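Please find the structures below.
In the two complexes below, chain A is the common chain; its partner is chain B in one and chain C in the other.
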Partner chain A sequence: MMTSTFLALARMLVHGSWRQNRARLALSISAIALGVALGTTVHLVNYSAVAEFDSAVRSLSGDAHVQVSGPRSGFDEALYPELANRVEVAVASPVLEIEAKLAQRQGNLKVVGMDPFRALALQPALLGEAGEQLLELLRPNTIMLSHAAAQKLALAKGDVLRVQVGLNVRALEIIAILPAGETLRQPLALMDIAAAQWTFDQLGRLSRLDLRLRPEAPVAATLESIHCALPAGLIAVEAEQASAQGLAMSRAYRVNLNMLALVSLFTGAVLVFSTQTLSALRRRTHFSLLRALGVSSRMLVALLTGEGILLGAIGTSLGLGLGIFSAHLAIGYAGSDLGAGFFAGVVARASIDPVGLAIIACCGIAASALGGFVPALEAGRAAPAAGLRAGDEQRALETLPSLKPGLVLLLAGGVLTLLPAVDGLPMFGYAAIAAVLVGALMLMPAYVRAALAWLPRFQFASAWLGLQQLRGSPGYAGISLAAILVSFSLVVSMLIMIQSFRLSLDDWLAQVLPADLYARAGSSTSAWIDHKAQAALASAASVARVGYSRFDKLQLEPGRPAVTLIARDLIPDQPDALPLVSPQRLPADGATPAWISEAMHALYRLDVGDRLVLPVGGSRIEVTVAGIWRDYVRQGGTVLIPRDVYIRLTGDTRANEAWIWLRPGAAPDAASNEIRTALDVGAEIEIRQPGTLRELSLQAFDRTFAVTYALQVAALIIGLFGISVGTSAQAFARRREFGVLHHLGMSMRELRNTVALEGGVLGALGAFAGLAVGSIMSLVLVHVINRQSFHWSMELHVPWLPLTTLSLLLVFCAALTAALSIRSALGDDIIRAVKEDW
Partner chain B sequence: MNRRTWLQSLLGTVLAPVSLPTHATDFEPVVPGRAIELPQDEGSHPRFRTEWWYITGWLERDASPIGFQITFFRTRPHPDSGNPSRFNPRDLIIAHAAVSEREHGRLRHAQKVARAGFGLAYAEEKRMNVRLDDWHLTTGDSFYAARIPGDDFALDLRFRRTQPPLLQGENGYSRKGPRPSSASYYYSLPHLAVAGTARIGKQESPVRGEAWLDHEWSSEIMEPEAVGWDWIGINLDDGAALMAFRMRAKDGSQHWAAATYRTASGERRTFGEKEVSWTVKRRWRSPRTGADYPVAVRIHMGSTSFDVDAWFDDQEADTRLTTGAVYWEGAAILSRDGRRVGRGYLEMTGYVGRLRM
Partner chain C sequence: MLIVRKLSKSLGSGQSTRALFADVDLDIAAGEFVALIGESGSGKSTLLNLIAGLDTPDSGTIEIAGTQLTQLDDGQRSAFRRTHLGFIFQAFHLLPYLSVADNVALPLVLIGCARSEREQRVAQALRDVDLHGMPDAKPHQLSGGEMQRAAIARALIHRPRLILADEPTGNLDADNANLALDLLRQCVAREDTACLLVTHSTAAARRADRVCALGSGQLRAAQRP
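Right after this comes the complex of A and B.
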């Protein structure tokens, strides 16, 4: 009996109401769908990137237990028999990995030189069908391409692949295309290790050893004992950790994106919440009637919560679908790092993560359920008799919440910004942003009341009416503003952060590019400027002076990303060519100076004057920190030492980059040509002017942040939804009032103006609050989150023009939405509206 | 193509190098008249393309006897490229070992391959000392030793010579076909006394027995007309030794054949192509590969004939996904006039397509 009554009630309440306002339903559902879709997209893109990266690492090392690696420049192959002969080691697979510069075309290709007999013992599926060509691979100058590489380079079996070694070009015969299987999805090439060493001038060098231990050997103890026996600069890690180490570099970036996704989900949730709240308010008379008819308040709560869950479920499923779809699009278009360059060379493939998606779905449904539950509680508490009378909605909102919780949250946000990072992630920074946002939301009604009281009283009837209406219902206004506050403050904070970063980067670029020309053999490990080319460069007529840099990557600690070593010819008369953020103090005792980046300062707790041991060229060298500089390029940390010290230690005179100062009067373009001729190379060397480099860097920056622009647009749309929901709910609730006003002689146009003004004022209030809250959040982003994630500092810059434009746009859109909403609320039925007070 | 498959095709390469185009000058040819000098010739001959050391035998233990086979190959996949890298794959070392246990009903076998270098895999010159990681065949003061620590089984054996070496063919120049160039240098060490331990599964036991060692090196061993061969190496109970082989043509007919018989007192007699013929008494069809192996044969050598019977039928190297070399290699019993006269090994190759397809 109870059940059937309940069901009948539910049908009446829900079905009736739903039929009445399809637009509201659609809005609620699309709000939740949009929030869920955003969260899903960002999460899936990240998840795919990580999964892809992990499989790229695993596919090459197979079922290895331990991975021994060292500097990017490699290590002595003598370690191979030493480790292979250890009793705990069942298989030792030597690998020489080269980021080969492609000749006569753009880009690099990862070439993996391996001993197939060892590699196949770890990864039997490595070659697939191409195993038939195994013996051919043992010939010099032969190479196999993965399917992805063959497609990317448009090369086939039998073609010739040209790579650049130093400044020379070498041709390799493609003897097989590896099948497009699960094992090797990445664009890469396989070579026999002997051929790779010979071709790439890396005789005697290895970059990695993959070890499989005997079943009886204890992994942890063996790892420890191997690690202790390794030469300077080499580390041994468990194979599972190897990919984690590679991923460590992009971790902060990924977490930040996930946080962004969370914020968009939150924005969606706030919107749903306000929609549901307003809709529950609007139906207060229905509820009171039901209560009067004997429906218990608990039943009412169950009904409304159920409605929230249902709406949430529909919105969430739509959102999941949309999110999966757009994740595919995003990955296909921008790659799994969304253009940030963290996973260069990793081909993305959208993967589905059921657990993550389930959590997102739960968040979506829960937000919607809560949106039904809270107003239902309130409706259940109200006295049925009062609720049946007109105008009761506002009474429900009259009890303004106290200011205390909101203020406490704001304060807490401030305190949270003082706390350090947790495990390298700015968790308290995010908590601070959440606290500020929620605190601001709680203060909204009070803010609206105070702001409106302060506004002047207009002469025009319509304007006066509109403002009075808002003044009379600050609770309503507060709820309508919630979504716009959340989304606009998010947009504002992102814009300020990006602008600050971009301008700081621009300043930085001007500082780090002091020379007239920059020559680079390529960003790969296979290209360099050798001794002969250096001599030719020095003798070019227009060249006044040349300084060289050599790059390497050092493993200082297991589990941390590699640190970049820059060995540079120091510029005697320009000590400020480094963008120092600390005072410079050269060691007095004649010790080797080193300049470390902010990331090294933060990650390894080093300060000016501290000593640091670097593994360079297989031996250890102690250096003294002479200064800390800003490096926007390498998050893992950078240490710069004088190149003469590096050459003394390693005997390596090759250079990756040359800084060229021209003689007075020499034209850069003509000088570039002269240098090319002097070096007798064509496209094998990049010669660029500082302006071009700066442009390229800023372009790369904009690509990286492209995804955040998309998120901002989505957030703004959600915010506008919020305004539209608020105003249309208001308009619907005030049909009687509009009807009476119409009777009293107000034209529809005047009515519309009234409402548009209300919307505009709401929009302005929202924009103002969003600007304020967003600015606070941007401070947290720039000075706390960015600093703790990436360890670099930047100056604050505010993008005034975009912020002003967006604010005006917001006010305009709010007014427009409101004006449109009155039409849909009243329709042609204005007379009936007057009679509605039943 | 799984791991076993490429390993098999490598083995195929070793056994049939002629299928790869090479220039005569790339590898040293096998010519008649070169004297085999022991012990130096027990070591590796890297100027020849292919070489193997192949030990087979029967071992007694508390339980029933077992047969075993240990082979180390050295092969040059390509003429030397001159690559100065220490990884230069000049030589590959391949090893194959198997144990026959009648109750088990089929082979247990293991195989490995690596490029020679870094002291991890090598075949020493002048002295028999071949290593592939922890698999090792070496020469001691007065014995040879083999250590094969496989997963399913492990062998740790010492071999003592009881008889002088047996040079095959014309003083070690063993022809494999009508063309004089397709030949190998080939000697055997029959009646090696074996002692050591064998572990099968988890069961380790001391063993003792008799073995046969073949050492053969060449640059061209199989003519294009041949698809495979049948071979026996038998230690006769009376101290005599018998080696016989035939190269088979595609239609199953005999392409070439030869045999050597040496009595306990050392009288050696070789049988040429015309004097040796094999008659099949019984065939066994492999349920895995469908190959039809003549597991019981009668070998006619001049006026005498011997019967060779597989100890048990299924001694095929289990390589279902093979593209090339599947072969039967197992313990066999030699009889004459219905009476057992010796034990040894029977090898049959090329029954599933030509070797190295």
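Right after this comes the complex of A and C.
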């Protein structure tokens, strides 16, 4: 009986209200749909990238239980028989992975060198389909390409693939194209390990050992035992963890992007809250009448909350569809890392994650339900007798909520910023932003009242009336501004953060690029500048001085991303181009100095003067931290040591990069040509001026943040929906008022101007509040979230011009939105509305 | 003051067109208080809307204070209304977010009256309707009678030439209705303003100088009840 009554009431109330306010209904549903769509897109893009990366790692490690890996430069292959002969190990497969630089083409290709017969046992999915051609792989200078690699490079069986080794070019015959399968979707090449060691000048070196244990061997204990027996710089991890380790680098970026999408969803929820609150206020008399007729307050709350859930369900369904569609588009257009470069080389396809989508759907519906529940609670609590009296709506809009909860939340936000990261993620930073946002939302009516009290009383009728309307209803203004506050403060905070980062990066680039020219053999592991080339370079007539750098990746701890080792020619008491953020203190005891990046300082809790053991060249050396520097390139941490120490330890005189200072008067372009001639190379070496490198770096930066601009625009559109919903909701309720004003001599144009002015003033109030709240949020982003996510610092820079332009645009759009929203309400009906009682 | 000649108005369009009234003539002199009575649906409110320039007639002319209303466009009619007409409604229609003083001041704001003069005139108007003790009150804090007195003050504050009152006592009890009509009559007499009162109430019609009845599409002079 109760259920049927409830359903009948719900049908009457919800259906009636929705039919009467179709445009507002559409806006509410669109807002939730847009928020859910953004969340879905970002999640699916991230999920697809992770799934693809994971699948690629799994296809390479096959059925292995344990994976032993070391520095990027590899480790001695003598370890292979040692581990293969252990009683716990059933099969051991040695692997040499090379990021090979393609000759006469742009880019690199991952080349995996493996023992084909061992790999057949351990990685059957990888080589199982090679069939008889497997034996051909044992011939020197032969290679197999995955289907994706063949497509990407437009090569076929029998063609020749040219790769760069050092500064030389080697040709490899393609003996087979592996069929496109589920396990090998990424572009890569397979070689026999011995041929790979020979081709890439890595004789006796391995980069990985995949081990399958005997069934009776306990995995955890064996792993521990192998790990303890490994030489310096090598780690053993469960094969399952290998992809997690690879993904750790992009984790903070992915989580930050998800959070940004969640803010869009939150903006949508706030919009639903605004719509439902205004709708509940407008229907206050109706609810009081229902209460008088015997509907309980609990039933009323259930009705309105149910309305929110229904809105949320419709919006969420649309949003999920839109999100899945746009995820496909985004992956196709910008790649699986949305242009950030974390998954370069990974070819992703959009995958559906039912669990993730279910969580997003729940968030969308819950946000909308909450948006309906809060005003429902207020409506349920209102005394029916008061609600039936004329002017009750105005009384509710005039009432200012207590300031205490808002202020407490702002304070809580401040306290939360002082707390550390949780599992490497700035969870308290996000909570601080949420607290600041919600606190600011709660203070909006008081802010509106205080801000409007400052404005003069204009003589001009439209302005006078518009301001009086806002002054008289701070509650309405607060509700209408909620969505615009959330969205605009998000945009402001992002713009300040991005500007701060960009200008800090620009300053940093100017500091880290002191030389006249930079020569690089490439970003791969197969290209380098050897001793002979170094001698030729130094002898070039226009070259005054050359400094070299050698890069390697060191595994300091399992479960953490690899640390970059830079061995650079430098004078310890005057390290060139090192943007130090700490005072420099060279070790007094003659110990080896090392300069660590801010990420090393944060991740390994190291400070100036601390000692650090580095596994270099198979042995351990102790270095003393002489300074901490800012590194915007490597999040996993960087340690810089003098190159002479590195050469002494490893005997490796190769270099990846040369910094070239020219003699006075030498022209950089002419010097570049002279150097190429001296080295007898063409495209095998990249020679660039600092200006070009700076430009390329800033372009990469802009690509990384391109997706955030899309999210900002979406949030801003949702925010403007808020103004529109507020104005149109009020427009209906104010039809009688407009009718009276028209009777008193205001033309339709003047009425539109009045409402446009109200919208403009609301927009201006929203812009000011958004600037203030967004600035606070930007401080949290720059000094808390950014530091805890990426571990680097930056200076605060405010983009005044874009912020001013955007604020003015917001005011204009708000005025326009309000004027457009009111159009339908300003018909002939307003004259008849004067005769209506309610 | 008000000269209406051969005014006709029909509702609907095409075959469903229904003549509401035809060839209506009406004259009201300055200082005259005229009541318009008629059954529901006879077209009283429509006639009032036509005189106010809120609706356009099918034919006929309306002249107020020498101005042919039917020759003005919408903007000009609005400007004319704000200067020369005053309105009183059955449901008072005070703007809920404005104080009593601001509600009364509204017509002066619309005609661009200087602030000092506005304040002076509002204070006087509130004294005239005995609301000088509550200028800052909001409409929902007033009783029905008080709201209608504030509405009368608003209708008269800018010294209009013609007041159009549509059932001004419809929502009031007998005492408050009498009070409101007394007030209206006094103010009309004092300002030498013409007043057209649409009413169903015989008590209200009895207070008029003259009564007109609208029925069967015609306007006729009627006996005072």
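The rule we apply is simple: the second predicted complex is superposed on the first by the 802 of 838 C-alpha atoms of A that agree within 3 Å, B and C clash if a C-alpha of one lies under 4 Å from a C-alpha of the other, contacts with A are read in each partner's own complex, and residues count from 1 in each chain.
Going forward, a contact is a pair of C-beta atoms (placed from the backbone, for glycine too) under 8 Å apart; a residue touches a chain by one contact, two chains touch by 3 or more.
From a predicted model like this one, the values you see are computed outputs, not experimental measurements.
Contact with chain B, but none with chain C, is seen for A:135 once the two complexes are overlaid on the shared chain.
Contacts of A:158 after superposition: neither chain B nor chain C is touched.
When the two complexes are overlaid on their common chain A, residue A:750 makes contact with chain C while staying clear of chain B.
Of the two partner chains placed by superposition, only chain C is touched by A:742; chain B is not.
In the overlay built on the shared chain, the residue A:464 is in contact with chain C alone; chain B does not reach it. Once the two complexes are laid over each other on the shared chain, residue contacts for A:691 go to neither chain B nor chain C. Legend: residue contacts after superposition of the two complexes on their common chain; A:472 is shown touching chain C, with no touch to chain B. On chain A, the surface touched by chain B in one complex and the surface touched by chain C in the other have no residue in common.
Interface residues of chain A, counted against chain B in their complex, comprise 77, 80-81, 84-85, 94, 115, 117-118, 120-121, 124-125, 127-129, 131-132, 134-135, 138-140, 192-195, 197-198, 203-204.
By the touch rule above, chain A contacts chain C in their complex via residues 389-395, 397-398, 457, 459, 461, 464-465, 468-469, 471-473, 736-737, 739-750, 831, 834-835, 837.
Every residue of chain C that touches chain A in the complex is listed here, in rising order: 45, 49, 52, 54-55, 74-75, 78-83, 85, 87, 89-91, 93, 95-98, 102, 106-107, 109-112, 114-115, 138-140.
The touching residues of chain B, counted against chain A in their complex, run 1-3, 5-6, 9-10, 13, 20, 77-78, 81, 83-89, 92, 113-115, 118-120, 133, 323.
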